[in-house]
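You will see chain A twice below: alongside chain B first, and alongside chain C after that.
And then the complex of A and B:
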């Protein structure tokens, strides 16, 4: 049973902020609806009290992509299909495009949005690990204020973020990645399409004369929420990237993921697999760096 | 709430409850029962329709979100009482058995051919990856789409 009594169709972000202002937490923003509407269907406790939906699909500002010398700014209500077909995002953020292609199906990608993916903050949200290695920040607006926050800080725990009930995420702001950083993304699910991620990893690497100049690693699904591993990145900085070191990175990452996630029934399977995924990803990046 | 939209090339205006889905609007208000309800959570694709030129799961769109949209359902693709070539080729290729997935499958293929008239086999597989068929398997369905692409 869908509890909604009213759907509002604002045309500006200011209007959204005003609508969010005068309620008692019974309003929720809807964009693609691919999490909210099945949530209603299964009577998820997260969605039982929603009486007003504020549909943001008619707001152009939230669908636009712009580039400056320093950053790429992406509207939060951009769909994954729009990400996949956007030439600027393809050029600057290839890992985000690769992850977007693995999401759901064509029908889902035509509706589901980038903002919705991390605002819902399911552990398996496929776009989060790429956004984290790209050091993404988000712009949040309310009637009272506008602020910018690191995505990593915005994500609290599964299905929880720092978003307040009177706020809307308007933009995802990604600093232009240095051209020397090349990377890859891998998602492991139980099947090839319409698949919930079990493990995903995003890695960016800058190798200079065989030395690791910079490395960025983020996980999805295998950790409770998308997580950057700054300590692992720092630990291997400046080291010579050879086969032994890649194995060491993979082992260390597996150990850290185990610490973050705790021992689970699936750990015996997942940890060796995540280590193998890490090894293969870095091997592939190493080949492309030569 | 009142919504106006285009349904199978006809302008429509209708008073609806805000808590119904596009799927319910099509089946219950317009009697367009070609669009099927399968899983209701966006995994099976039986309810696929075209919204503004793109395939969507009508179980994951609220009717109130369709304001001003252009919707095409399986009933809207025949012309002058003649089946669409996709429908013809599904029949000819043995791509229909129980028929429950066929409307959604055909709408996904229809959306693909709208933007890509000459798809590769991989592109066809990708376009129908969100549509489950439990009878014929997928080979005949892919054949039917390939055949249609060659004809039109």
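And then the complex of A and C:
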């Protein structure tokens, strides 16, 4: 049951910040509601004692996409359907678009928002792995301050972030990816739609004359939270990308994920398969970069 | 008979209730509201098996939100019910035998508050060991679920034919394998909902709900209230899906609501959310199936020894009937001279199992059709050839000794059609040659550390493998030797030529209103649009048995045709007199006109004829009756004429398997069915689209698992049914075998469409991978690891 007593519809971010200020954690921001509403119904401990919902759907600033020479800025309340149909995001951040297409169903994508996907830090959030390989940062506002933080730093542990109760994430800021980086994303679910990820993996590669100039790898669902593998990326930098090396990368990634996640009930399936997925993704990228 | 020319029968007709359903105008059970209505909220325990020592309501009984607390003490009639064995309490009072069990119902105006109060009831329980493992249920030291029966055995059906040991001795080869199938939920979109309204006048109680079998509900409610059947009126609201699932559960909910409504003299509504629905409602039986088959080098089967063990869960429900169909059909549609079958169903503390579309056939079909492919591989034949060699022909004798005659045995026709349209033989051989046969033991290709070795990586071009597989079946139509088989339809022509129609069978979404209207329209020679199908109500039409066993078109179609032919005869008699004719055989009723095609042709519009009939005082209302011929069964030997007629079907599935991840995508399903005469082409195709999709879910995704008897997958985020993105093309085909039964030989289709798909997919996966899979569903873990993986507890990440 929905315990909420009132729903407010502020028109500006400042107004949201003021509303967040004058309650004692009894307010919750709602955008698409695809997490909160089912959360209420299953009486999730993440949503107890919420008396007031602040609906941010009327704030244009939170739905806008802007581009500068250095970065793309995406409003946190943009829906996945809007991401999929946005030409700028399609051109600059194809992995984010590919991941967005795998989320839920058309109806869910029409409601669910980019900010809402990572704000609860669920391990299976499909947009997180692409955002991490794109080095996404987020802008956070409160009545007192405005700060910018790397997404990776924002995500602390499962269902925990650095967001304070008086703060709102307003923008996702992605540095313009170098054109040489090409990549791919794979989501493995139990079925092809309305499916919770078992494994997601995003990889960006810049291969120069057969050498790895830059590599970025991030995972979702197979690690406790969405995770970038900087050490794996560094380890293979400057190496010649061939079949043997791609297998080495996949094996190294499997070992790192084992270290990060430990052995869980699902490891017997997930660990071998994430390596297989990693191998397949890089083989595909290799083919395209020839 | 099939040479008859039809005006409407066999054409695509849009269903009568379609428009109101897609526009939201249709009135489902929860759309009914009544003045003074109260809600009933269930009180459950947190255990799977316990003795109830006492229930303490003192902490809540004076709460202002509680109008009444209903328990077994409020029941004047039967405290326990059940279609065959009366082992299921309306409210538990002796024992808890499964987590869905209900000990009391809180009644009041505010559901939200009542749900909170339900958690506060103190129930004093003495917990007992939980019996989850079916295979230990019959052990002498096993705990008894219902001690009054002295055993956990619900029923045992043997079938003996020939001499199986001799048959094995005469065989060149023997294969013995064990298969398992899983517990699944019907997954009707509308959860259970019912309202009981205290009656006016002589009717004691009126029930409106999401009910599959209104007459069964009436019987259960009358028995619980200890009153006459005619004092209980059951009305079926538009039904949001059933698939066999809105029988026992709905009868019990109706009884609970009725007891409360009569106690308080106010309407009482019970409506379940998805979690409650999945926790309390019955499911499809999991089976353990052991098959030993002896055959010759030429592929001819000599003997089959079959041992099936089904999990009946906590209550017997329809288990005896479900498993009886299994014993009849266990050998598949094959001629086997020596058969030794045992089918047992047992009690456990698991969710109880009962009727679900398929009804004891999907499980043995998965096993026998897998085995047939194994035999084919062993003797170097194709799946098509091995079935051609062994399949039933006209006049073949089934395992129970029944000669297949009196209808056209189309097994070889459907097999040929399905393999032709799918290019089966060519594709199967190509795929087989590219997939190496692997007889791996579980886990053998994964090393202990879980990290892959270099040669474990799959070259991208070998990642996706194609496979094609088929499955073949015969199926007994309607109830068979389960029980009395008869149905009624009421038809009444109004003075303006419009028509009322009402059958004693129920519209459960299968399209029966439209099918029967087509039958009536064809006989009377009018448009189906002139027919209105009345609201299903047990007080208005004779009990026609349950709407189950794919029997509605066959039995109700027959009753509708009989009723309309009777009225047509009455109308013909008027014309014989008016037009001074000798025989009615030259009168043609079609397109709203009646024509005499004699030397001096005459014609009259149907409406004009009706006017004339009314002016002459002719009765234009009647009840048509259709009853099946006698069938019989000998319980000790498993001999008998199990069903009075049969249908045949063959499905081919083409899949792509990702051998790196275990994902399976269904590229094509070709479904060829002999349902006899097709009445509504659109409805028949719809059955195939729906049935194959549901069957695919059984094959690849759906599974209810339990942890100490408690269900893990209690909503659709965990219990995964297929989406439109998981299956590409479904190709329906009909082969219309001749039959004398039903309306022009229109027989059964609903369940045949579902029962074959999982088996065809499993065979396709084997064709793609070279590996045989023994346990449904073949989900991503089963495909790679040959086992299922489960979290250690029922907790989920997002709620802990």
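A few comments on the model shown:
By our rule, the second predicted complex is superposed on the first by the 290 of 290 C-alpha atoms of A that agree within 3 Å, B and C clash if a C-alpha of one lies under 4 Å from a C-alpha of the other, contacts with A are read in each partner's own complex, and residues count from 1 in each chain.
What we mean here is this: a contact is a pair of C-beta atoms (placed from the backbone, for glycine too) under 8 Å apart; a residue touches a chain by one contact, two chains touch by 3 or more.
Keep in mind that what you see is a predicted model, and the values were worked out from it rather than measured.
Of the two partner chains placed by superposition, chain B and chain C are both touched by A:42. Using the contact criterion defined above for the overlaid structures, shared-chain residue A:238 touches neither chain B nor chain C, since it reaches no partner. Touch criterion not met for A:175: it reaches neither chain B nor chain C. Using the contact criterion defined above for the overlaid structures, shared-chain residue A:194 touches chain B and also reaches chain C.
By the touch criterion defined above, A:254 reaches chain C but does not reach chain B. By the document's definition of touching, of the two partners only chain B reaches A:33; chain C does not.
In the overlay built on the shared chain, the residue A:110 is in contact with chain B alone; chain C does not reach it.
With both complexes superposed, C is the one of chain B and chain C in contact with more chain A residues.
In the superposition on chain A, A:210 contacts neither chain B nor chain C. In the superposition on chain A, contact of A:9 is made with chain B only, not with chain C. Residues 1, 41-42, 105, 192-194 of chain A contact both chain B in one complex and chain C in the other. Those residues of chain A whose C-beta lies close enough to touch chain B in the complex are 1-7, 9, 30, 32-34, 37-38, 41-42, 53, 55, 57, 81, 104-108, 110-111, 192-194.
Of all the residues in chain B, the ones that touch chain A in their complex are 1, 18-21, 40-43, 45, 48, 51, 54-57, 59-62, 64-65, 67, 108, 111-112, 126-127, 129-131.
Here chain A touches chain C in the complex through residues 1, 39, 41-42, 44-46, 105, 120, 122-123, 158-159, 188, 190-196, 198, 244, 247, 250-251, 254-255, 258, 263, 265-269, 271-273, 275-277, 279-280, 283-284, 287, going by the rule given at the top.
Remark: chain C residues 112, 115, 273, 443, 446, 450-452, 454, 456-458, 460, 463, 660-663, 665, 701, 717, 720, 722-726, 779-781, 784-785, 789-792, 797-800 touch chain A in the complex.
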